[in-house]
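Per-chain numbering from 1; labels A, B, C and D assigned in written order.
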Amino acid sequence: MDTNLLWIVLLPFLGFLINGLLGRKLGHKTVSVIACLLPVLSFVVSYAAWSRLVDGANALHWNGFPWIWLEGTLEVPFALHFDGLAAVMCLVITGVGSVIHLYSIGYMKGDPGYHRYFSYLNLFTAFMLLLVLADNLLLMFIGWEGVGLCSYLLIGFWYEDDANCAAGKKAFIVNRIGDLAFLIGMFVCLQHFGSLDISMLTSAEEITRVSAETLTFPWGAASVVTTIAVLLFIGATGKSAQIPLFVWLPDAMAGPTPVSALIHAATMVTSGVYLCCRLMPLFEASPAAMGLIAAVGACTALLAAFIAFTQNDIKKVLAYSTISQLGYMFFAVGMGAFSAALFHLVTHAFFKALLFLGSGSVIHAMHHEQDMRKMGGLRNRLPFTHITFLIGTLAIAGVPPLAGFFSKDEILFAGFQQGFLNAVGSAQLFWLISFLTAGMTAFYMIRCVAMTFWGESHVEESLERNVHEPGGWIGFALFVLAIASALGGFLNVPEFLGGHASLGHFTGLHHSTSDLSVDQLRSLHVSEWQSMLLSVLIAGSGLMLGIHCYGKGRDLRTSFNDSSAGKALGRLSASKFYVDEIYDRIFVRPFETLSHLLFILIDRIIIDGILVNGLALLTRSTGNVFRRIQTGYIPGYLLTFGCGVLVLIFILLNFLREGGAQ
Amino acid sequence: MFSLPSILYLSALLFCIGTYGVLARRNILIVLMSLELMLNAVNIALVAFGRVHALGAPAGEHGGQIFTLMVLAVAAAEASIGLSLLLVIWRRWQSIDLRTLCRLNN
Amino acid sequence: MIPEFDSFNLPILSLIVLTPALVALVLCLVDRNNRALIRQLALMGSFLTLLFSLLMVANFDSNLGTMQLEEQHSWIESLGISYHLGVDGISILLVLLTCFTMPFVFLSTWAAIGDRVKEFHIALLLLQTGMVGAFVSLDLILFYLYYEAMLIPMYLIIGIWGGKERIYAALKFFIFTMVGSLLMFLGILYLYNHAGTFDLPVLMERLRTTHPLGSDQQLWLFLAFTLSFAIKVPLFPLHTWLPDAHVQAPTAGSVVLAGVLLKMGTYGLLRFAIPLFPEAAFDLQSMMAWLAIIGIVFGACMALVQNDIKKLIAYSSVSHLGFVVLACFIPNLEALTGAILQMVNHGLSTGMLFLMIGIIYERRHTRELADYGGICKVVPIFTIFFLLAVLSSIGLPGLNGFVGEFLLLYGVFSSVPLWGCLATTGVLLGALYMLNMVKKFLFGPLVHEENHHIEDLNTRELIYLIPFVVMMVWLGLYPAPFIKMVQPTLTLYVEMLQN
Amino acid sequence: MELTISRAEILALLPAAILFFTGLMQLFLDLGKSSANTRSEKTHLAMIGVTGILLALASLFIQGVEPSSGALYAGAMTDDLFGRMGAGVIIITALFCSLMAGGYLASSGNNRAEFHSLICFSGGAMVLLCQATNLISIFVAIETLSLAVYVLAGYFKNHQASSEGAFKYFVLGAFSSGFLLLGMAFVYGASGGSISLADIAASATHDDTLFAVGTFLMVIGFGFKVGAVPFHSWVPDVYQGAPVLSVGWMAVAVKSASFFALFRFVLFTGGGQILAQILAAIAVVTMLLGNLAALNQLSLKRMLAYSGIAHTGYLLIPLVLAVSGSGAIAGASIPFYLISYAVTTLAAFGVIVAISVATDRDDVQDLNGLARTRPLLALGFTVALLSLAGVPLTSGFIGKLMIFSDAIEGGFLHLALIGIVASLISIYYYLRPVVAMWFKEPSTSFDLIPASWGVQFTVAVCAIATVALGLFPDWLVNLSKLSVHAILG
């Protein structure tokens, strides 16, 4: 029982309440102090808890209180759980989060929605921490949807532009599609595990018990575990922007840039990966689901990288890069390398936050110009930003010894190991895809750097004079994150390089190699070396090609662009594979048209028109008929009377005769 | 002298004539006369029934006859009301055709 | 445990039911021009009722699943009708919801209703008596009496204080409801003739033991009862009165209609139609479920294409209550608990949404979405509250809507997975139309000149909105006590149905 | 044969006698002044009328709820509870009509003693009708009341519509009297010369064609009076044409008295299943036609005329039960429904009287905005309409409850079902005046002549009684049961 855990979540939430309720009256300074101090405090608490874990304590637990509590039937408590995995996530969230909060002070200065912005950001932090700390899936779902809400609010932060609101809405709705699968996944869990507690869902006995059960679908049978894993993974594809639900993330760049850094790069979008790591035993029990995850991850990585080639909006490039990197993480998950996935999650949080904040610094300096074609040559004006951005770029490209190098290498090796050492055919293909993607990543990132910072300036003159390095908190944040991006890789140095894979061990995700013999270990290390060399090679060539194309060797680029294949590919990339358009044509518009049609056809015409009003009309016109037969002529009345008597007597006599005959 | 059925047939015939008169004629005066005819047709039946049943019944049971007397009185009152209404109608419409009275309808 | 407050042996339920009616009588004597006094008296009356309802909760033993606080007096003995009240887990939350909503409804009308204030308050008070009475009646005729008694004040409220098409809407409301309730009336009489009592507990006992119904009888009676309740809910395809009624009704009318009145339908299903005729309910389960599911999706689709905010929310009610109806026909604890919670949640969130639309309507006199847009800049506090209500309505975890929705959907899913999955799509569609509305209503550029100077929420409005928010958060984060009140009754109920 | 008159016989005759005497008094007192002063309220006439009626009522109450003293006047009449209840309804109706008459007649410039005394005369005949137990007294009573009512219908002899209505009523009424009388003759003949109902019941068999046809013709005769389809044609025209107050009197008193007599007859003699089936068909058609034809009426009086036909249809349901031999089941609903209907209808007609005094018209649209100008009248009318529609908390609801419940118990579920459908249809037109009163704004031409206190009193008392009977009907239900069971023995 550790109530302190609650404070990790509660502190940022407090910030939200204070700023949300009183922010308007407090003034910018107080707002910033409160908004930044509380996540920092939360970081401190997390750090303290983390150090207790390091000291050898078991996982910390807060029993909380009953939440959705049907005694004896369905008992879901509001309880928190703090173990290695949660600790790492908490530190990343509060750490990177705090830095981004600080950055925001500079970035959002003078915005009329200042306090609103910070209260949303605090709220986001709280929800994200709740997601991470949750002891059961349902509680995690609060955080899960809560971060989605904050994402929605922050994407549409500048609500006066319709496009921003539409992007926010799109994000929420697309996420909800995934959430439906998550919800149904939880139902299946409840039905078969009888609980949503993560400890239950990950306990080996339970999983073995449940994996014997199968479900029948119209299209065939599937094991329960696979069903759950796939459903939860679909949930993850929503949040973590994987095929087929990635379409919201590029649009989400409509929000303020620090938001993109925090929510749409470092933390929220990685919660899908976190979910997989959290439920590692469950996923591992289903090879089919793992295969699917690897396939989706690899394909997403490739697709997004390909689209990133032609994007001209600096944030869009980073957005597609994020999608691609998240694909990497899922690829790792699919390969069973959960520790690598988490590692990449952490390093990605560092360098992608850095990249976004760097781009933010550029955008800020350029007075909200995001088109890279109108930049160029900013290296001189923004030297510090340039350096840090470059560090980030190299880190993501996988240049040793920066953070991305270690993590990406681990992932690629996992694929290599599965595909070639364990000889799994499909894994070979996926490895190849991600291997190529590594090169592509290096290429489009260097393109981005080149277009923004290098070469000639395309900045409007009036603007250029005012472009200057934003100092203060912005610089501080860039500095901190640059260091983290540079050194983050050392958190989990693999054993063959003499490290201890400490992150993997700490979180319990690392597969121990201690049961291997010395020979096996040696051959493993050899292949690890091979894989590493390959990845460095591909990253290097990507970088070189990029520098060549966007540096001096422009002719290569233009000639490629002019070739018919190049044109076709370029169009395909620039149009983002028409995914948005296809979704629009297949789902969105038919649905709206259908709704309109149904409204008019069923509600207006059939129910109201024909049934309701028709019935009323029928009744009224029958009434009118009866009204009209009342002609007012006495002879007519007498005749009715007389005929009535005659007919009725005739009937009576008829009946009487029949009755008598019987 | 006359058997019960034959008297009843006479009564029925008169009733039918009366009914026909009410239904078929348009002159209010004739309709009033037909109504009287209907009542009196029933009177014949009543008297006939009374006569038949009184034969076997204890003394003092002359319901049919008493009934007839009552009906005669009522018929007289009815005729007077009818005729006074006829006067009102005549004053207003200058006509004693039933078909003219049709302002109230629907 | 909770201390016993019932030291005077008060007839608490009667007090709750009759206080509003008595206050209405008092109001009859007040000068019609003394609006302030009328308003304050009505408000005090409704607060008093709220107090009594809290007393009811204090005296309610949530470990028992049986009828509690029962009151029974002979009334029309010659016709077998008695005055029999009682409350159990199924009704207690609904009584609470009603008593909770009414004071704030009264507060909300202070600015909106300026014409015939006296009549309006009398009508609302009588409406309250009708609603609470129907929830606690244990005699079929007494129930029917209250059930119908709600109709007239509501009819007047729509017809007198409503919008342009109010007469059509009021008539449609009245006749639709009457169609069902008269058939139910016939069913009640048939039951009386069959089993010789109007008293619900006795009747149920007799139907189970001494006077079982034939399957044909069950079927027809079930249909008669269900038709009535389905119209009230309203279940697709009997829903077309609702959008008209909502759009035309004044704010208070809409709030009561959505907040409480619609629940009469689902409550009736739970209390009467299903337990009285369990076999018929079971036979028709899939038909009802499919209708409910169609209603969920159809209502959502309709909501998506509405331009009038009230109409949109009316259709959203069709969708939301589709969930509840679906769950009513699933005999397991989760679904039924979810159904009851969802009734309360819908009352809170939709009630609040209507209150807020009323607030903005008072200022701008339009409900067309096209006339708004970007007003969150002008009315930031309004925006926050409105968003909260919307989020509660679309079932954001952490707010009330989710708790009910989760239990309900899980219950349905565990029984018939296909229905559960189909119903779950309603959650998605709900987010779709609600956020669409929010976007057009609150966000975007501030185009219209008239919208530049809308006043934000004032203190009175805050006073009646904040309790809703508090309840939403409470029910969202700590629903356990409420679930506990409901559970024992439903456990017995499920056992009974499964036998 | 000895001619002695017992105390019970005197007491039984007293209410009717007092009414007749009151009518005569009024005629005499107004003698010689009749041409002048027709615009004054002539309070003395009302005073005498009210006093007489109250006396009659008192004489009725002297008898209390004690059981019947058996056959009186050699079986011509009885003083049983059933008859006393019928007499009570009629006398109370007469009271309210007298209270309203002065103001109403004065405003139309027709205040003569004849109206007042005709109410008393017809009232006396109706009281006798309720108590009559042999064919002769039934016929004489029904003809007496009819003749008086013909004149009441044509009371505004300068009004074309009034005269036309009266004449239609007269011709059709006389025609139906012929059939009634024929039926009586048949019954008389078929039952071996019995005049009194008790003897007829003892000697008749339902299979006898003559008896069945006779019974049926009698039912037709009564059916005309209460407006059962297809003998209803006169109702809308006469209601529309006749003075409002006469219509109110007809709608309440004539119908009640006829139904009381008809029920007494049927309860005594029964009628057999076949007759019951035919009557059931008549009930169905009456309920449906009455309600459907009322849907699009603009005139309140005409609308209430059709509504009255519809209510006749509902009342035919217990009649069907009684004819089919289930009189014990249907018992209580007959007197109760009639009393409830009387009270409700009086409230409604009170308001129409007020409207036609104020506006000289009686269309639905003349009610526009009544809730603003005369809230209490509007409330009273609303209560009356809701009660007619059978909405709970009113006596009409309890009445319908009893009737439909009886129908189900007697095995006539389909009648109950059609009754429900019919009352559903009726809601539409009952709500129309409500809409006009509450939802519409008053037209500027609305003349604010305040309703006379008699009208106000009537509406108030009757509306309150309607609600009170809806809330606490127990005593009346018990009384009704008691009265019917006394007949059935």
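Definition applied: a residue touches a chain if its C-beta (ideal position, glycine included) is under 8 Å from a C-beta of that chain, and two chains touch if they have at least 3 such contacts.
Treat the numbers as computed from the prediction; the structure is a model and nothing was measured.
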Chain at the geometric heart of the assembly (C-alpha centres)
C
Looking at A-B and A-C, which one has the bigger number of contacting C-beta pairs?
A-C
Could you please state the distance in Å, as a whole number, between where the Cα atoms of chain A are centred and where those of chain B are centred?
98
Using Cα averages as centroids, what's the distance between chain A and chain C in whole Å?
37
Distance from chain D to chain C - Cα centre to Cα centre, in angstrom
43
What whole-number Å value describes the gap between the mean CA coordinates of chain A and chain D?
78
Residues of chain B touching at least two other chains:
19, 22, 98, 101, 103-105
Considering chain A alone, which of its residues make contact with at least two other chains?
627, 630, 632, 634, 638, 642
By residue number and range, which residues of chain C touch two or more other chains?
none
Output every touching chain pair, sorted by label.
A-B, A-C, A-D, B-D, C-D
Quick one: which bits of chain B touch chain A in the complex? Just the residue numbers, please.
19, 22-23, 26, 98-99, 101-106
Spell out the part of chain C that touches chain A in their complex, as residue ranges.
172, 237, 240, 298, 301-302, 304-305, 333-334, 337, 374, 376-377, 380, 384, 391, 396-398, 402-403, 406-407, 409-410, 413-414, 417, 420-421, 424-425, 427-428, 431-432, 435-436, 439, 442-446, 477-480, 483-484, 487
Spell out the part of chain A that touches chain B in their complex, as residue ranges.
627-628, 630-635, 638-639, 642
Spell out the part of chain D that touches chain C in their complex, as residue ranges.
332, 371, 375, 386, 391-393, 398, 401-402, 404-405, 408-409, 413, 416-417, 420, 423-424, 427-428, 431, 435, 438-439, 472-474, 477-478, 481
Chain C partner, complex, touching residues on chain A are 20, 24, 65-71, 73-74, 78, 116, 138, 141-142, 144-146, 149, 152, 156, 159-162, 165-166, 169, 172-173, 176-177, 179-180, 183-184, 186-187, 190-191, 591-592, 594-596, 598-599, 602-603, 607-608, 611-612
